[in-house]
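Shared between the two complexes below is subunit A, which pairs with subunit B and subunit C, respectively.
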Partner chain A sequence: MKAIEPNSSIATPETFPPPSVAVWQHSHVLDLDDFTQEEIELVLETADAMAEVLTREVKRVPTLRGKTVVTMFYEPSTRTRASFELAAKNLSADTVSLDASKSSIVKGESLIDSLRTIQALGADIIVMRHSQSGAPYLATQHVTCSLINAGDGWHAHPSQALLDLYTIRRHLGTLANLKVTIIGDIMHSRVARSNVWGMTTMGARVILCAPPTLLPRGLDSFIANCQLPNVSIETEIEPALKNADVVMPLRLQMERQQSGLLPSLREYIQLYQLTLERLSLAKPHVLVMHPGPINEGIEISPEVAHGAQSVIEEQVTNGVAIRMALLYLIAGGKNK
Partner chain B sequence: MSPNLLISGGHILDPSQGIDKVADLLITKGKIAWLGDKGAAPSQSDLTTIDATGLVVCPGFVDLHCHLREPGFEDKETIATGTKAAAKGGFTTVCCMPNTNPPLDTQASIDYVKKTAEIKGAVQVLPIGCVTKGRQGKELTEMSELANAGVVGFSDDGDPVASSRIMSLAMDYSQALGLPIINHCEDKELSDGGSMNDGWVSARLGLKGIPKAAEEIIVARDLALAHLTGAKLHVAHVSTNSSVEIIRRAKEKGIAVTAEVTPHHLTLTEERIMGSQSEKHNQLTYDTNAKVNPPLRTEEDIAALIKGLKDGTIDAIATDHAPHTSVDKMCEFGLAAFGISGLETALACLMSLVHGGRLDLKTLISKLTFEPATIIGTRYGELGTLKPGCRADVTLFNPNKEWIVDSRDFASKGKNTPFDGCQFKGRVIATIVSGKVVYRDKPE
Partner chain C sequence: MPERTLMSAEDIQRALVRVAHEIVERNKGAKDIVLVGMQTRGVPLSKRLATTIQSLEEIAIPVGSLDISLYRDDISSLHLKPVIHRTDIPTDVTNKQVVLVDDVFYTGRSIRAAMDALMDLGRPQSIQLAVLIDRGHRELPIRADYVGKNIPTSSNEEIKVYVKEVDGEDKVTILLPNKGATDESD
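Here is the complex of A and B:
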């Protein structure tokens, strides 16, 4: 099943410094709401070590040899799925990739039964993407293997938030006291929700900026009840961008306009598109990020997406290191 | 023929007659024969005595709203299992909703339910007929024929009549029959795809919300139509503070409206979906057993609902017992069925309001007996009362007995309860239907 590489070219565990996993308590990664600052730091430091592996000629370490990582994607995805699978392969895990559209799921098998089957086949770690919020929380009540949430509905996308934190830290050194502005479809965005937890835990301020129809009702009381004083809501883009250290426009799905949430794409572009002119309101060192895939010319102008401030491609590369870190920590945590 | 029964030394609580005292109750030939001082009952041959010392003895509970699922969804519940659950919960009469398959929109289906209940039912079953054929909201059912077949009201339940015109016609037509239109008030366009209350928890969990306004809009519409037509309107499972306010104003204006509230809307909030309240800070659970329609709301709404019960805005407590299979519930939150299996936990969960000082026992019993019985009327005899000569439907419960809910013990096929594992104080000890003991709690 697995191609064994010649030993000489594989880094040995001795040359590959594993960070301390003493503070790591998680057997699953479902969201960042239950992560401490120390735990996030550990993921980012581990990702540094993984990034070093990625610069090697042979991007492979034997850390997860003999472990099986199964990706179950109940929703289409290109980058997240490829990123997790590459991460698992870089750690020498066996990977199995299940496409929900072609498997027994379309034959009516329940999520719980599918998960149990995968577990019975010998999965050590399941990486799951699902269109329903909360699906991984259901999953962990019924399986004993580890689970990484690769995105659940509108709820959470922790590995994306971690790679965002990692990318920011690489460029700006720290998250503390930064102003991070997230613009666009907050209501339907798992990236925004996970970043609210991750960014604020690391000391950043988060501005959520969207037209009122793309903000969930109750967002203000969510912020109040969860004691997130560093999160604020803004419906106008200019004040939201002022002095921002990081700007992250979100993908605007075309069906949002079709379902009546927006009068027209034209008006959305006029009011919320991240343009060079608007970007000039932010700090000179501002980072432009995007969770992808991009709708160029809708939420972001091509000049900004490919401009000097853009780190969008680097986010993708960092995503592999972050996911290697998560797989490594999860597997190590389980061996304890 | 059931034996004659003497229920001795219990705390008799009968709001229909304003009785609230320790006394004896004599049942002969299936009817209430006598109520009076302890030891003073006229002597009877063939007499069985039940010692009710320390127990509350009250009229059997009347549930205006439950789902027995038969015909069509017998994997969720049957008339036999649902009425057994009712008996365990102290209910002696249950009104079953017509969202079966086929729906209860013809005389034949009403007859089927009534016959099955006569043969297999543990308690009295009074069916509710559909407002429109097939619950499609387009054409009225043959309401007069359904009335003759024995329905106690009309409802399309979970698929409320969307068209204001059809609703006004239904009210006009039902007025001549003297039966209420019971509406599950929900603007389906506004609630579209929602799975819980629209608020901070839905924002937190990334779930689509059902705004309170989705209910209030239809409550207001139906009250306007009741005002227009003069028909009797019964608002099912009121869940929001503004609904209570709108109904209160309508009653002040003299509109013929009655309303019910469920035990779960009186005791649980939207936060229950994140996990049981004691473990708030543990991992989220997205508990589908707390997924119900209308959704669990907020503490503010609970306060308004309790106030509505006390000042008479809300007439009755109804369970909206909605049993489901584990397949319906053990799935992703957004895909799970709405509903709570509520008959067997109703009293205990409501007693938590009494023990917590939020509701007095007399009001509670009134909302479970006399007041819902008044909404049904007297075509099935006087219900919800211990008046001599009436059907001997009696419930005995121990207001202080502690127990822990274990859904595996439910008589209902539906184990879907958000109260599993809850410690409650207050338990039904015996349920008597027409003088026959249909349920008796296992002795410890």
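Here is the complex of A and C:
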């Protein structure tokens, strides 16, 4: 190609400068179903800048100095909670963590009262986990501060899905046209649900693979009604794994067997465990991910969980960067 | 509203060559110099300065880019957040002569943020400041070590720096008030 004369371009200068202000409309982060591709990309790019901070000797920037982040967890969690708190501290925010088992909640204080109290104490951002699907949506009607959903019931876990997207993009460059296979207890998985929104928005195909009893009822018609042509269901693991770019087994909760959803644990292991042999059906560059905590030897074999394809630990590290990005994007000036 | 050109591509080129010479003169050579461009337009300017210094001194000059968004003093009151770019400085700044490079020097708040950011990355021997345009109106006790051009302005005027790598052309213009341009790069 011939070099173009430097002065021959007549484009108007106003069209050139990249937007210096983020395209971000969210006061809360509740799920990824209302995120556009641009917004998800913004989160991932912001997380990239945050990841640089995490490589420093002193992992702290003054960005959210004077802001208060409160984590309210009505359900047990180690990594998500620690991850949000570290993210807030890395941005110099003050953090308060409320443990439902040790607060006035055991005295019978309602969710709304607790939220109002936290807000009156000066919280700027509330990070909330609750066992009831939709609890954070209810919460946003009663508080003026920002709210991040850290997992509600079976419904959504947006920060986990975003860190999954981020991890995949770091390894494979893009989400577009990838085949992502999610295996296991889809019915009870908020991670799977948020990932369906996030992955399809970014152009990936999602295969949901589970025994029929662990698929949500009416999933077929949901896929049809929501027009999700990139989501499909598979009840056998081998075809689901074939040529997969990403495989994500979900934690099998032991109590599912008692509730009659599984004939036996041994049968589940035989039919659905992610083993090295099964993994060989996937593409050579396949990434093995897991939202944690892992039941080694149940949904995933130890060789796979700690094998060369596994990025499970990296997901945890990336989680801090993603949560820093969310706190940064959501903090501060109210939408007037 | 009229947009008047204050510097042409040739003017910018000459100013940068002079600044490169001044940097070498002040530091008695180019050993231990690290150029750090501030996002967005400081980055290409720092690369051009590095190229000139390298041709003068015949040693490789490390060039990095710095994003100050995380260090701004107004960040928590902004509803729309600036897009953060990755900070990428390829060398440890400790004991180096770090030259910060920016396009427009105005209130000094960006430079304050940049110095804080640099200090978090290490302990430079010195931090110096090179700017293409100094338009005055400082709000902090900060001055530039190397200035491409001093342009006294009133605060309702806007200085726009266009660089080829970002905007497709090199020039510096001044805009009078009420023009719908938005990119105020402090």
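Here is the rule we go by: the second predicted complex is superposed on the first by the 310 of 336 C-alpha atoms of A that agree within 3 Å, B and C clash if a C-alpha of one lies under 4 Å from a C-alpha of the other, contacts with A are read in each partner's own complex, and residues count from 1 in each chain.
Definition applied: a contact is a pair of C-beta atoms (placed from the backbone, for glycine too) under 8 Å apart; a residue touches a chain by one contact, two chains touch by 3 or more.
Bear in mind the structure is a predicted one, so any value in this text is a computation, not a measurement.
Enquirer: Could you say whether A:D34 touches subunit B, subunit C, both of them, or neither, answering first, second, both or neither?
Expert: So A:D34 only meets subunit B here.
Enquirer: Is A:P62 touching the first partner subunit B, the second partner subunit C, both, or neither of them?
Expert: A:P62: touches subunit C, not subunit B.
Enquirer: Looking at the overlay, what does A:F222 touch: subunit B (first), subunit C (second), both, or neither?
Expert: After superposition on chain A, A:F222 lies in contact with subunit B alone.
Enquirer: Using the superposition on chain A described above, determine whether A:G173 touches subunit B (first), subunit C (second), both, or neither.
Expert: neither
Enquirer: Go through the superposed model and pick first if A:Q132 touches only subunit B, second if only subunit C, both, or neither.
Expert: Once the two structures are laid over each other on A, A:Q132 reaches subunit B alone.
Enquirer: In the superposed arrangement, does subunit B or subunit C reach more residues of subunit A?
Expert: Of subunit B and subunit C, the partner in contact with more residues of subunit A is C.
Enquirer: Both subunit B and subunit C touch subunit A; at which residues?
Expert: None.
Enquirer: In the complex of these two chains, what residues of subunit A are touching subunit C?
Expert: Within the complex, subunit A contacts subunit C at residues 6-7, 9, 11, 13-14, 16-22, 24, 42, 45-46, 48-50, 52-53, 56, 58, 60-67, 91, 328-329, 331-336.
Enquirer: Where on subunit C does subunit A make contact in their complex?
Expert: 40, 67, 69-72, 75-88, 116-117, 120-121, 160, 162, 164, 166-169, 181-183, 185
Enquirer: Residue numbers of subunit B touching subunit A in their complex, please.
Expert: Residues of subunit B touching subunit A: 198-209, 211, 283-286, 327, 330-335.
Enquirer: Touching residues of subunit A toward subunit B in the complex: what are they?
Expert: Contacts found on subunit A: 30, 34, 110-112, 130, 132-135, 137-138, 140-141, 152-156, 190, 193, 216-219, 221-222, 224-226.
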